[in-house]
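Read from first to last, the chains carry the letters A, B, C and D; within each, the first residue is number 1.
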């Protein structure tokens, strides 16, 4: 399998504090890779470093074989990386239509049509002219996913996409993510709760204090209670 | 932990005391610094407290140049009583607090023997007592006459044009020729009050009437709300403004057509500092009183020509190759003040500030003839209130040009002095 | 002049003056919305607009040309200032306050150096006096009002309908997310700054024939513009427009009855009460 | 000498400003109000009631404390930019009023005064004609204030101010009425700003409503931030360095505000932690 995203020894600082202490991980084509860990261990920072929002100070990030560590931040999404941040961060004062349109940058990009988008998120069709801020939490999450999907990315970064959603809605979101993955989009998924991702992810990385401490398949992880307790502190 | 904290705070306390001690000891360091500037007192130092920046910058520019030129003339001719004259200038930034501080700086740091003051009435108000306190002769340029009669002293002289002269010559003329019903529209500052309070009794004595007095705060841009209050039966609109708002006043009275309904009689401050030919005719048909014509043709003497050449202005009073417009009514005063100083030194044998009493006595009541040193005309320094008595011109804007219509030669007693400084001890 | 005529005049005038303020304030709001800085130098762009206008008219004798060129020049300067000076400090709002103060001083006194301290006047492009209720009113002021309204409408269209407008709105709401969807945020900020400068300069050259042109004119306009921004709700364009006209009208109307100084004080006091009751500005929709 | 004394008085102003900005985290752009009020109360009480020097100083403190309380009562309820703007609005109100009641304040022309002798019970010292006596008096008072501030900051209340600055919500949760403490900080700062205004007038023998103007407020912000906010020494250093620098440069270069502007920008970009912060950083590096 070819790896589509490759992080090599990423060190990131936030002001003076050293957050990432050499993260190394890879996402292969058509894979759902999960990044699991407690609060404040650097999961979100890893995603932000990939997006160039908190640029890595040391190490290299390769996307489809190309070094993207030091290219301008706003060019990164244009390469085909979608980002769904924690807390969704849709634009509250833009309409749903504008929120979808915003990701379309440049004319050469192949764009998913509204029809395709609505096939995943039928609810958005009715909300097209509503302001983003007036949507419910679940709808906002759908919008955030849809927004990332519009420019036809090859990789999507998800930051706790089911956080704060009702169980039914969370399940729906997970299903949609799987559906998207099946069309050939790789996914890097940051999560706090193991249960959410055991069913869907192909591989799981555990991170702690800015380092990847363990990696394996969900099956392996479920077996290993000691690791679970040490790095995620879950009681399964 | 407890211990550590205590130690730190003790250190901080020591630091605090140290700073206090440093502040205390700063004083002896500053004093020799003053001494450094004192040097040997061979040249006579004339200080200029000048509105070089800030909103009166358009005035200060010329005052500075005119004073410099006068000093150059004196030094080229060998100085005053054989001593060279040195010129030092400090900028008030058209700001009262700064201006007052700069007067101290001129006298104490730069050792100015005499000071030519600024135009802005604010710093002047603060400066008059300082001049007395520091026993330095101060030539006030500001024409807020009230200020000098209220806060002045024997050390302070009215160095520039006297507003009360303007009023006492001009207003009777206006009542006779322009109309009897007056409305004032003036700056809400000392200068505006000088005009309003000075003119009102004259108008009323001559059978005229003052319909309204509208005071406009500094910083006003839009005059419409005020102009709406002008009674429509007004015959003469008496405006007292300077600087940018003056232009706004002219423009906006013109815009609503007041110029057709009444005569606009304005203080020359309104006309100062901008080119009447380039303002689209808004000043047309204004009457104004000035201390000195801006255009050469109304006072074409050799000495005026020379000074204007030094200031680099053309015959119309516009800077050659530059945007500035000569403030005709005022620049001459900075020039002449230098020569007042010269005359008084020569007459009194002044050597140092110890002889200030003799200097002041020599200056009081001194009359001079027009010439190289006094280009504006014959004049006298009235002894009692230290006001200059001088010539004036009445001008009219015709075809966007300032045309001086009438010259008023100065008389002995155009108005009685409000104070008598001669009794004050030096 | 009867009181109703006076009242009418002041209301008219409040509208004109309010619209000019709105041009300046809208620029400020745009910039504030994006980078949350209190741009003290904004008044200087207003001043530069008038100054460049004056120079251009001196050389070309064409008001209309100057009306277009001068704001463009100022926009270019704004572009440069944002790129060269402001960017390193943009994340520290209070420090930018001082940086913009520095810029303000530099611009003022550079202009003073070349232009001098004397006020000048730009002659209005046409002279036409309306007679309204037996009192004169300047046709140019009406023209200014109409043009300002048109420009403000165009600005609205620009923000709503164009891609850059969409980007500006997106960056205003969530800068980090804007980057993450591929918006060149830095360029958008630069363009917005230039746009804000353009509007201020346009206000400057439009106001110049009514008032005067001098190097400190920006200093006087600034507090009013700031007030408008905050009262309208920071970052709220419609709010700023409403607040500009409201303030100008309040002052105009109340000055018929009381001294203009007192009317200004009254309007300020009223505004601060409003500010306390509705910290998000009067015209904001309460969200969430 | 006068300059030095003036700057010492201004140092107190800078310290007082830093109490609310550097320690309690509220940026006021209307602090000139208290400075000017103190100066006016001092001057007017001497002019009209021939009051004793001590009484006048005391009145200046009380008067500005009352004004600070009234303004603060409203202002502390606002946060962030709204706070800034409310302080600006109030300072404009006071400024306009000072114009309107010109007969009292002297308006733009200001008021000169003769400082009464300093009565110390058994002997009386002339302050007016004796700059040295004036210097020591101002220095003594400002040093006392410094000690007071120093104690205040080390006290539990001072720590509370810092807590409010770093996280107001959390401080509230612990059970403190943060509004009350913000107000206390504001009033103390206002009262001492008033005292510094009085000392300033005592030194210059003059007062003027320019002292109330918002540009005066900006000056103190500049000193504090350039010197180093959140310390007592920093603002003092800022006041000294800037005032001296201005005196020096204005004498050598006519368009000196340009240089000042450049220096401001330079400082913010290259010495963002303030002069004091920079020096401390140097010392710390030396130690390492």
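As a working rule, contacts are C-beta pairs under 8 Å (C-beta built on N, C-alpha and C of every residue); 3 or more make two chains touch, one makes a residue touch a chain.
The model shown is predicted, which means the values in this text are computed figures rather than measured ones.
Novice: Return the chains common to the contact lists of subunit A and subunit D.
Specialist: C
Novice: Greatest Cα-centroid separation from subunit B: which chain?
Specialist: A
Novice: By C-alpha centroids, what is the most central chain here?
Specialist: Taking the mean of C-alpha atoms per chain, the most central one is C.
Novice: How many angstrom between the C-alpha centroids of subunit B and subunit A?
Specialist: 72
Novice: Based only on mean CA positions, could you tell me how far subunit B sits from subunit D in angstrom?
Specialist: Centre separation, subunit B to subunit D: 32 Å.
Novice: Would you mind pulling out the distance in Å between where the CA atoms of subunit B average out and where those of subunit C do?
Specialist: Chain centres of subunit B and subunit C, defined by C-alpha means, are spaced 35 Å apart.
Novice: Mind pulling the subunit B residues that touch 2 or more other chains?
Specialist: Answer for subunit B, listing residues that touch two or more other chains: 53, 217.
Novice: Residues of subunit D that touch two or more other chains: which are they?
Specialist: Correct list: 96, 99-100, 255-257.
Novice: Touching two or more other chains, which residues of subunit A qualify?
Specialist: None at all.
Novice: Per the touch rule above, enumerate the chain pairs that touch, sorted by label.
Specialist: A-C, B-C, B-D, C-D
Novice: What part of subunit C is in contact with subunit A in the complex they form?
Specialist: Within the complex, subunit C touches subunit A at residues 166-167, 169-170, 173-174, 176-186, 287-288.
Novice: Within their complex, state which residues of subunit C touch subunit B.
Specialist: Touching subunit B from subunit C are residues 1, 6, 9-10, 13, 17, 109, 112, 114-121, 123-124, 127, 129, 135-138, 140-141, 209-217, 220-221, 251-252, 255-256, 260-261, 263.
Novice: What part of subunit D is in contact with subunit C in the complex they form?
Specialist: So the residues of subunit D touching subunit C come out as 27, 74, 77-79, 81-82, 84-86, 88-90, 92-93, 96-97, 99-100, 214-215, 218, 221-222, 225-226, 255-258, 260-265, 267-269, 272.
Novice: Provide the residue numbers of subunit A that touch subunit C in the complex, in ascending order.
Specialist: Touch residues, subunit A against subunit C: 51-53, 72-78, 83, 85, 89-94, 98, 101-103, 105, 133, 147-148, 151.
Novice: Would you pull the subunit D residues touching subunit B in the complex into a rising list?
Specialist: 1-4, 6, 8, 96, 99-100, 102, 106-112, 114, 128-129, 132, 135, 139, 142-143, 146-147, 150, 154, 204-206, 208, 210-211, 233, 236, 247, 250-251, 254-257
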